[in-house]
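Some notes on the structure that comes next.
Going by the order they are written in, the chains are A, B, C, D and E; count residues from 1 in each one.
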C-alpha cells in the first residue's frame, strides 16, 4: 500500500518526532508514505469565512497533487488534517468556493474534492485494522496506563471530519489497546488545551492544559499521547509537567520495536 | 454598521435567528472567563445589530476555535463561525491587525512550534 | 433447419402431443411469410416454411389459440419467446394448452435490404448459417446474411429461448447490442431537430392500424381506440393531432410490457420507425428505474406497476434535457 | 339528455364582489341541458337549500350544479339537500368559484369569465354522472388494541364497558407499560402503581377483555369493520393456564446475571422471571437468550421446582388469526439513546442517569428499595444536577429530535421536589431553556418546587460533565446570572427526549396508516379528528400520536374508545360509492390493476363469456370489492384496455371537464 | 426575448383531492393571487391522472398541463403518487423525445398546507408557458410544411 503523505511545516522542525516515528512505523507495517512533491504549508488554521478563498489554495494544491498521483492523502498533524479535510469538503460541496478556487488555480482538470483525506490513525483503524496492528506488535506496552488526548481539531466539527464520535471518541483508546497498554478514558480528552492562545494569553493556556492533565492523572493515566504538535507544546511546556506527553507515533514505534532498532 | 452586520452574517453563514437561547455554547466554552462577551451574546448581539461593541471586544482574540460551541449547539447556529467573522471584520480594516511581525521575536521560545505563529498570523492579521 | 422443424411439426401432430401446429406459411410473395395453423401432415409438407423471411412474432396468436380446445404446438424464435413469456405473465396465454418449440434464429432478412444490395429479380432465398442462397431470374447468388438483415436483427438483444418445452438449433445467449444507438442519436438532437424528425416520420402515418394489430402487447380484448367510452376512440383520425396521440398513447400503453420485438416497424407500410418510441421508454426505464427486460422472467414486477420511494422526480426530464 | 339546474351562490360579497353572478347564471343558462339557472345570496342557507329542493321537484331536474365555495366545504351539504328532494346525491357537482376564483382574482371581468368556464366544466361532468348508491359492509364487533400501556388499558376498558369484546396485544410479558416504571405522578404526587395496578387488574378481570401478552401483530388485512389480524404469541416456555405466579422458579433459577429491563439494567434478574410483583398476567416467562436449559439442554431447575407443572421447554411461537372491526394503535414511547450526547458523560459515569432510571432509583420497588443512592458507590448524593431538553428541540440531523418532548419539565420538577422533600440536605439544580407548564395545576407545581422546596432553577444549559475523583464536574451557563457555573455534583440526571416505540413504523405499514417524519402516527385532522388515523377504522391512543403526559394520554385513550364504540355500534357501514369498476367485456385479466391496488380490493375470477358461433370463452376478469376499494384510481391508469374505470371520476367525465376548460 | 403580451395560455391543473386541491383552496382562503388562466380539475389522487387526459388537454388547445399531488410518502392512498411519479416521468420524457417543449408539462407536490407554494407554482408555470407561446407542436407534428 502506498499513500500520498502531507507532513506539514511543524513536522519538519519542532514536531519532527511525530513525523519520524510515524514514517518508520508505517514502513514496519508495510505501508509506504510518499511525501507530496513541493508541498506548501496547509495554512495552519481553517478559514471559516465563506469569502476566504486564497487562504485555502495551498490545501487545494496538496489535494490536487494527491489526486494527480491517484492516491489517498494521509495527514498526521491534527491541524493539517483539520484544514485539508475541511477544505476538501468545501471543494466537494460548496460551489462558490469550488468555482473561485479553480479559477485561481487554472488547473488542467478542475478539482472538486475527489481526493480521500485520511488521518494516520484512520489508516491504522480502517485500512490496516487494529486487529492486524496488534499482531505486528513486537513489544507490547503491558501495564502502562495511557490517556489519549484528542483535543479539538481531530474531532470537530464532526459533520465534516467524520473522524469519530465527537463526544466519546474511541479510536485512540483502541489504538492504545492494540499496543497492549491500558487506555484511560477521561472526560477532558476532547476539550481544548488552550494552545491557540499561547502567544496571546499564556497563563490561560497553562490553566487549560493543567485542567486536562489533572483530569487525566486523576482518572489514573500515567502518560499522555497526542497527535498535535501545538497540544504537545502546550501540555508539555505550559502544563506544569504533571504527566509525560508523547506523540502517539512514538508510542507506536516503541511497540513495533522500531524505536529501539533505530536508537 | 447594519451593512457590516449583514457582511458578518453572510461570510459566517450563520443565521442568528435559529438560536433558541439555550446557552449551551457558553456552557461548553472553555474560554468563557477570558471573554468579555460570550458565545451566546455574540449570536444575540449580531441579531440585534450591536456589532460595534463586539468589534471592540477583546473576546474575539480569546476564542480558541475549539468548536465546542459549534459541535454542541442543538440548533446548528455555530457561534464559532460568527466570532471568526467578527474578528475578520476587525482585522480586515486598515491598521487593525492584532498581531504585528515585530512582536514575534519577543514571543518566541525554544520549543514553540511554527504552527503557533502561523496560526496566530492567520487569525489575527490580514 | 426448415426440414428439422417440419419433421418436428409432423412428429408432434402424429404423436398426439398436439392437435394443431402454429408455424409459417408462404404468402403471395416468397418474402411475405404469414403465420398459419396446420392440422395435418399434408398441410405441413405442402405449405410450412422456415427461412430468412419468417420474421412474424408467433406469440400473439397463442392468446386466441391457447383458449381453444386441444393443444397447439408453436414454433417460437428467441424474440417470440420473450413475448410468449410476457403474455403468460399477463395471464393471456394458457400455457397448459401450448407445446412450445424454441427455434434458434440467425437473424431475419429484409427484402428491401436485399434489393438495396443490388440483387435483382429475386425469386426466393434460403439457407442456414452466415451465407444465404438467393434465387434470381438470373440464377442463384450467394449473399452474406449479415448484409441483408432486418434493421431489428442487426441489433439483436438476445438469442435466448425462454420457457420452451423443447429447443431446435441450440440455446443462445443474451447479447450485447447497441439497440439504443438511434434513440441516443435522437436524444442528442435539439428539440427542434427531434420535432422535425418526428414530424417527417409521423406525417406519413395512414392510420392503417397494422402496428397495433401485429403487436403482441397490443392484444387487449378491446382497444381503447375502438372504445367509445374511453374518450380517445377514433378508428380513422379526424385530425392530424390524433395520429400523434395514437402513437404516443400506444407506446405508453405498451411501456414496461413491450419486449422490443420490432414487429411494429416491420409491418408499417410507411416505414415509420415506430420501435424507436418503444425503445425510448425501455431506455428511460432502464436508466431511471434499473434494467428491465419485459418477458425475461415471470416474477419481476413490471416497472409501471412498481415504484421505489426514492425514484427520480419528473423534473429529471427537464434537468437531463438542459445538459444537452 | 339530463335536465340540469344551475345555482350560483354570491356567498354574500365573497363571490359577488369579484364575479358577476348574474352574468354567470345567464351564461350557464344557455348551456345544453340546462333547464334552470339562478343566483342567490347564500345558497347554503336554509332558504337557498329550499330553493334547490323546490326547483328539483318543479323542473324534474336530473342533475344539479352549484357554483359556490370549495366542494371540500359544502359538497356534502348540497348532496344531502338534493337527496331530500329525491335526487341521487351523486348527481350534484360543485364549481369552485370562491377559493379558486373570486378570492384569487381582483378583476371582475376575469373572475366572471373564469367562473363561467368552471361552471361549464361542472355541467359537462354532470351530463355524464350516473346515480350512485353507496354499498354496505358489515362490522365485526370486536376491537384490537395494540399496546398494553396506560393508553391501551384505558381504551380497552372503555370499549369493554360499552359491551364490546376487545383484545389487547402487548409485546412484553406484562401489560402496564412505562407507567409501571414510574414512581410518583405529577402534579398530585400520587404513586403511579397505586393508580395503575387496579386498572391492570380491572382489565384482566373484565369479561370483555382478552389480554394477549408477550405477543406481536404479524400482519393486518382487510378494511374498516372487517380487519383480519394475525398475531404471534411468542413462546414464553411457561403454560399460562397452569402457572400460578408463585414465583418459586424465579428464586431458584441458577442464572442470576440477566440485566433487569424493568429496572433499566440497574440490577439483575433470573432467566425465568416475572417482571414485577403486580404483573398482569402474573405468569413467569423464560428468557431464551439466557436460559441454560434452552441454550444447552442442561438445567431444568424451574421445571423441577414448579409444582403446577407449568414449565414447557418445547413451547413454540403460535400464530393466531382474529377478526376485528376496529384497531387502536397504542404503541407508546421510549426515551432516546444517550449515545450521541456524551458531553454529559453518560457512558463514562454510572452516576449520570436518565430520568427514567432516576424514577427506578427513587422507587420503593426499584433496585435500591426507594433510597436514593449513587449507582457507582451506593453513597447518598448531596448535589444533584438535572439537565432538561437533552435531545429535544434539536434542529434535525442525526442528533436529537426537533420537537419538544412535553413531559420533561414536569417530571423534572417532580424529581427535584421529591429529592428535596426526602433529602433536605441535598442541593438540587435544574438547568432549563424554558420551563413549559401548560396544564391544570402544572405551573403551581413548578413554582412549589422553586419556592417551597428551594430547587435552584437556572436558565442555561450544561456544556460539559467531567467525572473526576468521584465527583461530576459540571460546567454550565447561567444566562440570567451572566456567568459560567462550575458545580461539583454527585449525580447528573438527563431529561432524555422521548421517541415513538420502534415497533410503530412497521405497524403503520401494516395498517397503511401514515406517520410523520418523527414516526409519530398522523391524525386524520390535527384539530378536529385527533384520535383517528386517516385510514378508516384505525384509531390512535397515547404517545404513539405525539408526546403526552398521563392525564392527556388517558383523555385521548377515552376519546379513541368513544370513536371505536361509535364504529362498533353500527351494524353496517356505508361505503364510498366512488369506487373502481371493471368492465368485464374489456378486461384482459392481466393483473396490472391488482398490482397497484394499495388495498387488495381487486381479485380475479374465471368467467364464461359468449363467443361467436354459440361458443363460450372462458376468460380471467378482475373483480373489485366495493367495500374495500377507496377510490384512488391507480388501477384505472394501470389498465391498458381501459376496462377499469372509476365511478364519479370516470375517464369520460374527466375528459368532458378537460374539453370544457380547453374549449 | 419578445413576449406576446396578448397571449393568455390555457393551463389545466389536475389536483389530487386530499393535498393539492386543499392547497389550492388554501391559497384562495389566503387571497394569494395567481392567473385566471389556470383551471383546476379535481381528481381523487395523482394516480388517477391518465396520460390520455394530458394529451386530450393539449389536443383541445391547452398550452400547459400541470399535475399536483401529495408529497411522496404522504399520499392519502399511501402509494398513489409514487405510481403517478413514474408515469409522468416517462410521459414527459416521451413528449420531450418528440420535440414537444418540455416546459409545458410539470409535476409539483403541494400539500394541503402549502397554499403559498400552490400560488407561486402556478404563477411561475403560467409565466413559463406564456414565454413559450401557443402550443402548436403537438398539432403541427403531422403537417408537413
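Definition applied: a residue touches a chain if its C-beta (ideal position, glycine included) is under 8 Å from a C-beta of that chain, and two chains touch if they have at least 3 such contacts.
Source: prediction; values computed, not measured.
Asker: Hop across touching chains from subunit B and tell me the fewest hops that reach subunit C.
Answerer: Minimal hop count between subunit B and subunit C: 2.
Asker: If we look at subunit B and subunit E, which chains touch each of them?
Answerer: D
Asker: Which chain has its C-alpha centroid at the greatest distance from the C-alpha centroid of subunit A?
Answerer: Farthest from subunit A by mean C-alpha position: C.
Asker: Where are there more C-beta contacts: D-E or A-D?
Answerer: Per the contact counts, D-E leads.
Asker: Determine, using the mean of C-alpha atoms as each chain's centre, which chain is farthest from subunit B.
Answerer: Greatest centre separation from subunit B goes to chain C.
Asker: If you average the CA atoms of subunit C and of subunit D, how far apart do the two points sit, in angstrom?
Answerer: Centre separation, subunit C to subunit D: 52 Å.
Asker: So, what's the distance in Å between the C-alpha centres of subunit C and subunit A?
Answerer: 64
Asker: Whole-Å distance, subunit C centre to subunit E centre, using C-alpha means?
Answerer: It comes to 35 Å between the two C-alpha centres.
Asker: How many angstrom lie between the centres of subunit B and subunit D, each centre taken as the mean Cα position?
Answerer: 47
Asker: Among all residues of subunit C, which ones touch two or more of the remaining chains?
Answerer: 224, 230-231, 304-306
Asker: Please output the residue numbers of subunit B that touch at least 2 other chains, ranges allowed.
Answerer: Expected reply: 68.
Asker: Note the residues in subunit A that touch 2 or more other chains, in rising order.
Answerer: Touching at least two other chains: 167, 191.
Asker: On the basis of the stated criterion, which chains touch which? Give every pair.
Answerer: A-B, A-D, B-D, C-D, C-E, D-E
Asker: Which residues, counting only subunit D, touch subunit C once they are in their complex?
Answerer: These residues of subunit D touch subunit C: 583, 585-592, 595-596, 604, 617-620, 638, 640-643, 645, 650-652, 655.
Asker: What residues of subunit B sit close enough to touch subunit A in their complex?
Answerer: Residue positions touching the partner: 10-13, 30-31, 34, 61-62, 64-68, 70-71, 78, 80-81, 84-85, 88, 99, 107, 109, 111-120, 122-124.
Asker: Per the contact definition, I'd like the list of subunit D residues that touch subunit A in the complex.
Answerer: Touch list, subunit D to subunit A: 339-343, 345, 347-348, 464-469.
Asker: Hey, which residues of subunit C end up touching subunit E in the complex?
Answerer: Residues 183, 186-187, 191-200, 202-203, 205, 224, 230-232, 240-245, 248-249, 251-252, 255, 277, 280-281, 284-285, 288-289, 303-309, 311-318, 321 of subunit C touch subunit E in their complex.
Asker: If you look only at subunit C, which of its residues touch subunit D in the complex?
Answerer: Touch list, subunit C to subunit D: 67, 90-92, 217, 219-224, 227, 229-231, 253-254, 257, 301-302, 304-306.
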